[in-house]
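See below for the structure under consideration.
Letters A, B, C and D name the chains as they come in the text, with residue numbers starting at 1 for each one.
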Amino acid sequence: MHGYFYPRTATGRASLIPPPPWYYSGDLVTIEYRTDPDRVRELLPEPLELAEQDPGAVALIWADWQSCSGSGEELLDPVRSQYKEAFAVVRCGYRGRTYSRCVYIWVDKDFAVARGIHQGYPKKLGSIHLTRPHPYGPAPRFAPGARFGATLAAADRRLAQAVVTLREPSPTGGFVNGHPMAHHRWLPAIEKGGGQALAELIESGAAAFEGGQAWVGDAELTLFESPTEELAELVVREPIAAYVRQVGVVWDGGTLLEKT
Amino acid sequence: MHGYFYPRTATGRASLIPPPPWYYSGDLVTIEYRTDPDRVRELLPEPLELAEQDPGAVALIWADWQSCSGSGEELLDPVRSQYKEAFAVVRCGYRGRTYSRCVYIWVDKDFAVARGIHQGYPKKLGSIHLTRPHPYGPAPRFAPGARFGATLAAADRRLAQAVVTLREPSPTGGFVNGHPMAHHRWLPAIEKGGGQALAELIESGAAAFEGGQAWVGDAELTLFESPTEELAELVVREPIAAYVRQVGVVWDGGTLLEKT
Amino acid sequence: MHGYFYPRTATGRASLIPPPPWYYSGDLVTIEYRTDPDRVRELLPEPLELAEQDPGAVALIWADWQSCSGSGEELLDPVRSQYKEAFAVVRCGYRGRTYSRCVYIWVDKDFAVARGIHQGYPKKLGSIHLTRPHPYGPAPRFAPGARFGATLAAADRRLAQAVVTLREPSPTGGFVNGHPMAHHRWLPAIEKGGGQALAELIESGAAAFEGGQAWVGDAELTLFESPTEELAELVVREPIAAYVRQVGVVWDGGTLLEKT
Amino acid sequence: MHGYFYPRTATGRASLIPPPPWYYSGDLVTIEYRTDPDRVRELLPEPLELAEQDPGAVALIWADWQSCSGSGEELLDPVRSQYKEAFAVVRCGYRGRTYSRCVYIWVDKDFAVARGIHQGYPKKLGSIHLTRPHPYGPAPRFAPGARFGATLAAADRRLAQAVVTLREPSPTGGFVNGHPMAHHRWLPAIEKGGGQALAELIESGAAAFEGGQAWVGDAELTLFESPTEELAELVVREPIAAYVRQVGVVWDGGTLLEKT
């Protein structure tokens, strides 16, 4: 039987995702702000702790990706390589180190959901849109005053919308998502009331990264209530900054921190 | 932290799926045929074996569901309850018993993908359509000569299409999907080349079932090649029969057979 | 050149819609209420007038359709026959007669958009969901206390949601959508500022109709604001009633009332 | 009543499309080839004639657009500005001039369908994907050997797929789509068998254009049969060339050539 993920077959060709490494080209819109640290704490299972510095910092990130396996073949059938996502990242402490942690995430393709199951990103399906920079016509360039929109919906409800106005080049694209990720991989036991069949705390991060000049500016961000989502609980108390950047990333596996 | 599935939060409200039991109302189109038993064997990991009788039997099933948790609230916001699926089922032997086993499945909602991760159904996203019976207008009633179409596509390619013509009432809705399911739940280790973090063989099945009169007839079925799918390897050697039926089902957990 | 609609070709096979008659099987959820008659009047271009009786009456209707041409072939490839819609209907007077008029409508397939262009329904794309009655499992039967949900979204924003609770059988499925339709067919001139290339007031209605027992009950209805929609301007002042019914309909053309 | 398109309201805010001018930023993949000129002729209604030179030339074009009205507001809510399309263009003669003409086109948003109704593009909904150039990661740059994929599906069937390999910069992005467009705007009479209520031959084209360096290369192109499409009738007899380019375009109305 072959196949990195299900369905496993004689050839492995049908596997929903290929083995890593996975390669990504993408456009990012990142909005950082401070929420009530209690809202972050309640999303951190033990033994994770609030980050020591700026514990209420949140990054809400929109990304428009083209991704592929080592063969690159998905890029030539782009329904298999292109997807968009929006996700919320906080920071936390574990054994004296600071980690980033994705607490909510929505994507628009099944292969992205499956990669999330593997990497510990709690992926749901959503409808994600973000303005892309473009060199011609009305879409924005990287320039002072350029504006980028970003929206997120799931189950036919808008969950977040933002407009970012660029000010100037920036040495950084934000700090909240800049650490290794500390994620859980959980799966309930098949027996009713049987606890967890899998419960791991894992660490992962980019195996390689390249990026263009980041630009920084300000965001108008609105979060909306939904009966099935809790993103809006991460209420905006104080804006930090917003960033737009184009990047290339490689992901190639992680490390088990502990079974929980 | 609460939540049957991810994301886990202080309230559990955001969990992609609620705890079982899960309740389903649905319309089913089932097409049974015989393929080369070698094509079935190569989809059965050890210690599963070919079924002793009719080992090449396959059921290709389309379902149009309305599903909910015990609260029933999803039925009142039907974007959260309605979904469609198409799946291929074979039979296998394990410790002297005969099981059904879903080898391929496509659904069109994220909560259905997540339930599949839990139940060991290898779910991908697809575009699934099937004619529903209706008492008025041009859609078919349950009657001799009534015709039902069923189609499946994924990644912008059609994978299967069928037309079923009813002949008469039937005491059964098919036999291939009639046993408890023997499914694997696999998740690769986060370390590259690290084998499996979870590898379980589990058994599950309906906790309760009700159904209307099944009708039997004949199907014209075509399977199509795709670079990312292997459904067409289950080539149609000999038709068995086709069935249309309306059912109600409850699912409420399963049993671990063994860690593999 | 052949083809009832575009694209026109040597065979007509590619036409987005076939010639009428068009046949429909469907499930309907209808919610009737009274709004401020001024909100209705401002949607009625001259020479249409407010209906004399109950001029503020509105019907908000959700429908889950299976539709086809005379050949019925679309029913066997149901991606070509199934669609859902939600629409708002008011009444108006014209030359002493009372007409129904669809003022807003959303559908989820292109062939439905094209039929609307022909029939004068102002169709946009939306995401429409409604609970369907079902004889088994948790979905509702036609019975006292049965509850049906209905929702509408467009451009990733929820525009309307409702829950209908049935009380009893009803001799009618509502009155607002019960008259012939008085619709405009407008197309701007291709020249900028050139007025209308087509401006017709037409009448149409069902060429044949059959239906099951209607049930009446009460609705909780909420309309939501959107920057690109005005449905919420038809504010709910007073509920009338809500209905669920299964129907079969034939549409076979209409009549030009006047060029405007 | 206000509104450039339907639905018309007191404010015009709900109109599916705003008045021109319309502004576009986009990435284009263009594949030009020669088909049997008879296949082109049968798509040209009188008085249009085959182009005198290279009458069998076809351009199959994929575009990934961000578009907006004069206010630019759609760019900040990008679900309202972003769409993709794939379309087939031929050339024709009319009164001694050469025109381009779109004979088939698929888009993925309703506002794009409505603009097509106005401009005479025979738009259907489809699923369109094309590789976008990107400066980082695995997606291609503009460089010799860079490869771009492009695919089209409608009604759950793949209609076309292509891979373009770039060779070198080019002074042009193709010639088939380089003329003013000669399009028909047709709408059948509401009366059954009543002929056409609107039948116009119109001319339109870009009011302004800017573009980056075009690159030329070769394409592998496959067209697929479908029961509802005739694109594959434009069989590839001889490849011409393929192009990738980024552009900005303004559209601001056209001219009536004649009523037909």
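Criterion: a residue touches a chain if its C-beta (ideal position, glycine included) is under 8 Å from a C-beta of that chain, and two chains touch if they have at least 3 such contacts.
Not measured: the values here are computed from a predicted model.
Chemist: State which chains count as neighbours of subunit A and simultaneously of subunit D.
Modeler: Chains in contact with subunit A as well as subunit D: B, C.
Chemist: In contact with subunit A and with subunit B at once: which chains are those? Just list them.
Modeler: Correct list: C, D.
Chemist: So what angle, to the nearest 5 degrees, turns subunit B so that its CA atoms land on those of subunit C?
Modeler: The C-alpha superposition of subunit B onto subunit C needs 180 degrees.
Chemist: What is the distance, in whole Å, between the centres of subunit B and subunit C, each centre taken as the mean of its C-alpha atoms?
Modeler: Using C-alpha averages as centres, the distance is 34 Å.
Chemist: Return the distance between the CA-based centres of subunit A and subunit C, expressed in whole Å.
Modeler: Centres of subunit A and subunit C (C-alpha means) sit 40 Å apart.
Chemist: For subunit C and subunit D, what's the span in angstrom between their mean Cα positions?
Modeler: 31
Chemist: Can you list the subunit B residues in contact with two or more other chains?
Modeler: 77, 79, 127, 129, 151, 156 - these are the residues of subunit B that touch more than one other chain.
Chemist: Could you list, by residue number, the parts of subunit C that touch subunit D in their complex?
Modeler: The contact residues of subunit C facing subunit D are 1, 4-11, 13-14, 16, 19-20, 42-43, 45, 77, 79-80, 103-104, 109-110, 113, 117-120, 122, 124-125, 155-156, 184-194, 197-198, 200, 202, 204, 227-231, 233, 252-256.
Chemist: Which residues of subunit D touch subunit B in their complex?
Modeler: 127, 129, 151, 153, 156-158
Chemist: For subunit C, which residues are in contact with subunit B within the complex?
Modeler: Per the stated touch rule, the residues are 23-27, 66-68, 72, 75-79, 81-82, 127, 129-132, 134-140, 147-151, 161, 163, 210-212, 246-249.
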